[in-house]
């Protein structure tokens, strides 16, 4: 069982298939797709196995693999995973596996598309399983960069352009086009990575320039004032990827412009990567600063929730609605983390997973709708439910999960977060959270009603719209199944998560009580 | 006359040269400015050598002069080359490459 | 003593002999010299490079005027390696003047190389100055090598003018230092600095200007874009790396290594690093000519290396050296691709790259790798390089500088990605492949292998540079 | 025995779940329509049997729970069943009505396309499961989950004919409005958990009984929980969704929006009455809001011309009754009324459905004299109306009187007066419907398809378009059949069962008291002796007025109406409540969201764009420095030197 380097297999299987695709599957679209399926399939199976085999009793970091990379600087290829990262790896596997199916119909330059997509996924896996901060950062950048080409080449430009005086002024920056979005997303995220880098280096230096290992750094008590600013650096850096307000504006443009699988992967997994970073690296290494800055993280989380939801309501472009909903939901993740309570953190991590799946589902559906109707303008569409009942059903399920309806994963996550919020040092966080969930119900159902319900649109473009077909069902089916499964049996995920969050909180507990007495 | 005076002299010459380089429109003039600067250096070196009683101060200018000659030759060659293709030796006309 | 002399100076002697041979061939073989000179130079350089492997650290000549320490040997290998790659790229140059005056070109290049090799070993200001000029003067010649071209000669003149003025600054500075210390030995400088004579400071400042010109730090960089744009690309590829490497070694020797008063240079280097990084990156943004773009980005890279130098520590120096290696492969590779595309498209505009990925996927991939390396992206050399630099600066506590550099990396990626956009996103104008001559392809492949190799497994290189640098402190 | 009861309850709970899963997953079966209906029906029947057995067996409180959300210190939340007298009574009601409605629907929706029918039964199964899970919830978490799921089923079933704009709108409105209440419920649950450390009802009750629950802040929590009930049980001001919910198929209205789901709020408050007892100030609010709701809805019911809307408002009104009783401190009376109301209101709705089915319209003015055409339906409807009016020996008599007595006992004189007035109005509007629909002149309206199409209410005015496949609008069926007639047996049977059960229970409890439903009560409300005659008299007066006005035409309906003046105008405008909500939604909410959207696009993002634009422009500006003239380069070198020397001098 422990003989195989599972984490390396998970991480590198997509990369290997990307290389195979690049060099061996030239101009053979079907082979490209099957190679991608096999590569991601291997990862999926391995991550399922790892998730299952993870020993919840002994907890801690398991499946460790170490290989000294640059010994003189204490850099090593150190992979391991705990309950939280196991879940994130599983999420990634699910999303990318579904994503491969969801983009089955990509015709233009499919070879490059799949290769880039798979390289991207390697980066994502790498971040989740790396315990060496340096290698983590390395994978982080890998996870960001292919996005530029993926969006730039296979993306779509929005129909809704900025208007008004400001809009005209901004028009020539290319707002709304895929090129603009791709550049903005990439640069913004790399901008964030600059903060992360500085933070990591600061810790490395403060720890005596010996090691980048998470575990070793964890055992060091850093100077509180150093912690304070390093935490902020991590928070801003990773937070940009988690779309914290007001650094979120890359996300709507980027997600709206990206092709289906990329939106799925990006909103579904990459944004989690940011939140994961804040929790794992920020909170894991800097306990004093965590307690010190929790108020900020939570406050911005609250802003995210409400602001994102209100913005989503104002959108008339379907993809923008979903994209802003991600901004809102990531607020829940950050809020949960900021509560510094067991349930809040569990909810936060669970929300990462739940939102990953639901937003993956959403983007898959939006992609399907767009592919068939060639429109993203909500107000133009109407009555699609009669023509594409399957898509409508899946969309509704995704929407319900998004608004936190029980029996979908979204509920458990939000519920736990709310519990955490109310028992945290800032109980009022509960209210924006709950209110945000209510606004979510407004815009989600509004969109559903406009697009799928009501009489059929008179527009001749929408006369014959087929329902999802073949492989598309596979993508939708997987996601809906997971969404409901984890909603009905949240223990599947909470168990492992708990093994990761409880030790984290144990480190924080004395500090928090100290802060309270002060 | 002390060392100071030589140093001042060389500084003045150096600055004159630099001034020439900056202000002359004709490239030949600019080249002359450069020569002036390099010669100011030689004054310096020799003065230091003399006052310190050190031989290196006298050897150095020999090398410097040799190199200066090479540079001057090359500079003039370039100017001639330029005149052939561009029909001008005015420095401010030479802004094909910019930005 | 002769034995030591021969072994210590083996590469220089070899290079000198090679240069003479090349010159003689040029004299003897009138008319079309074809590529034979190039081949001889290339193979000869490889031989010289091989001879450096046998150099003994610490070997010295002429009462310590010329010392082969680890740094010098490392730098020599770097310079020679860059020379080989450049020759590989220029072998297939199609200009008529290259066929006719091949010996001239290669002789100048070898002479300059000789100057650089002497410079990195120089421990005496006189040798230093002579080597510096030996390095510089052939570069002016090489810049203006395509005599018929309007831009070329203009660039040569500018390079020459600014160069000689800088040289004048250097030698003026040397004169002051000599005046204060009464000696031309570099070892005496720290003591003089410690004494706090204002003339020493003036002298060192003047020299720093000259060196800053050579490495092209802002605001002494202005010759760079013009020269890069006008000169032949394989030469530029080398010009962008070798003299700068030599210049850095000189700066390390004079201002950083082992100098007790070195911390006093901190504000200067920090300021230089800051403005150079900012200006280089910003000015690269609006460029439409790929060579100019690379020129400005090169300026920015110099800024990054100065960030590493600003650490004024062994790890800082080590990381600068590492950066130089990464920069060598990344930058030369990029210029080689530029050469390939320019030869096929007859354009050095960024627009010429439209749809390259669909026409020549491998070439586009290579360019992408080089650009990403320059941009500091993982799994290619530039990433580690940039990271190590920041690490060194962070150890010194220069977080402001690190942060500035890290943020400006984003700006840099903006213009690199603009090129990537042309190659990958935009539609191609025509669909035929870009034809890459075999040797040029080999040069590109070498660089790509270097970039990826270091990117994937940097440990041996890190160990090497750390060993080299630690000996200096 | 105990284990058996919980097992039976579990069976009742899981059978609909199984049916839902089968129908949801096995798509081909669902697409077949009728077979899907039979599967669902079979499961509902089984659930009914199990629920009946459980009801008979339930003596002691017993529970069966499994861990649901794990946590370090034992499970955070559990799921399972909590079986006692109340829950099994409610379970039985739910199972019964669900089964009957599903049976009835086979007839009622016989013209639907197979796949739509399959969808309908899928939703029905989901609803039955969720409602039972709510009823049997052993803790607040499961209660909330089921609470939301019934809301979902309600949403889906209201929007069953989703191509109808009015239905789509009503579904969304229902969901939003109830969700607004649920926000309160969720907050209440979370706060209560923090306050007491548990979600479990049994544990909570034990804590309350032992007095270990601190009173401080508790009223906020109970009020929040009450908010959930306000939304779900359509209390003022969140009652606005229920009348619109009538856009759904009539059987759905009978099941969800009359008998079961809307009473969940009442059930919740009854379930947690020991908790609310700690916060009398909240209970006072409950009474007042209940009474107000009852009155408001009763007034509105009087002016409706749509038979289903009359029933809908009557439901709201009756929910107000139940709430008032709970608020008065004796929740059993409210719960009792819930149970009896469930039976007769389902009967009324299904009867109305039969009428609509036959006539092809909801509009009362299109009906008249139906007693001759459909005598059975008329009798059944009248039985239901009598029950609702509170006539002795019929279903609602004793429960209504209990409610009135309770409120009087609680010392709430004004609410009591209001409720008496409502009793009068109730009798009036129900018999207004009876007389208008079943008696009087036969309306000679051509039952054309066009009429059938616009069956629904004014809300659908703009939505004339029925897409292809729009094979059902309420009452569509009769369009082509010509003369109205009694419904087929499959629809009649449930009606009769309900009527008989309602009347039997009514008669039984009139004689022997409510123990049958409520088990043994510690203290019964002792209503004053004058109450029963007074209540019956009031009801009789209402019936009489209706008779005089609509049957005898002694009183002119128009004049009676206009004599009400402002009240009538207000009632016709639904007291502007819908308008107010709409204004808040469209003006305030959407307006605010647009503002945020604008802010995001042009300010938050705008700053970013401006900064990046400046960077680019800055590069361009810097580039201008590169003039191309060699001398300028030299100047730059000189300037650089100067700056550097100054900097060095400065540094020293």
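Letters A, B, C and D name the chains as they come in the text, with residue numbers starting at 1 for each one.
Keep in mind that, in the parts below, a contact is a pair of C-beta atoms (placed from the backbone, for glycine too) under 8 Å apart; a residue touches a chain by one contact, two chains touch by 3 or more.
These figures come from a predicted structure and were not determined experimentally.
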item	value
Most widely separated chain from chain B, with each centre as the mean of CA atoms	D
Chain at the geometric heart of the assembly (C-alpha centres)	A
Selected interface, A-D versus C-D, where C-beta contact pairs are more numerous	A-D
Centre distance in Å when chain C and chain D are each reduced to the mean of their C-alpha atoms	77
Mean-CA-position distance for chain D and chain A (Å)	36
Between chain B and chain D, centroid-to-centroid distance (C-alpha), Å	96
Distance between the centres, which are taken as Cα means, of chain C and chain B, whole angstrom	26
Residues within chain D bordering two or more other chains	623, 626, 628, 630-631, 634
Per-residue multi-chain contacts in chain A, two or more chains	187
Multi-chain contact sites of chain B, meaning residues that touch two or more partners	18, 21, 30, 94, 96-99
All chain pairs that touch each other	A-C, A-D, B-C, B-D, C-D
Residue ranges of chain B in contact with chain C within the complex	3, 7, 10, 14, 17-18, 21, 27, 30, 34, 37-38, 40-41, 44-45, 47-49, 52, 54, 56-57, 59-60, 63-64, 67, 70-71, 74-75, 78-79, 81-82, 84-86, 94, 96-99
Residues of chain D that touch chain B when the two form their complex	623-624, 626-631, 634-635, 638
Contact set on chain D toward chain A in their complex	67-72, 76, 115, 141, 144-146, 148-149, 152, 155, 159, 162-165, 168-169, 171-172, 175-176, 179-180, 183, 186-187, 190-191, 193-194, 463, 465-469, 589-590, 592-598, 600-602, 604-606, 608-609, 612-613
Chain C - residues contacting chain B, complex	126, 129-130, 133, 137, 140-141, 144, 147-151, 153-158, 160-161, 164-165, 167-168, 171-172, 174-176, 178-179, 182-184, 225-226, 229-230, 286, 292
Interface residues, chain B side, partner chain D - complex	18, 21-23, 30, 91-92, 94-99
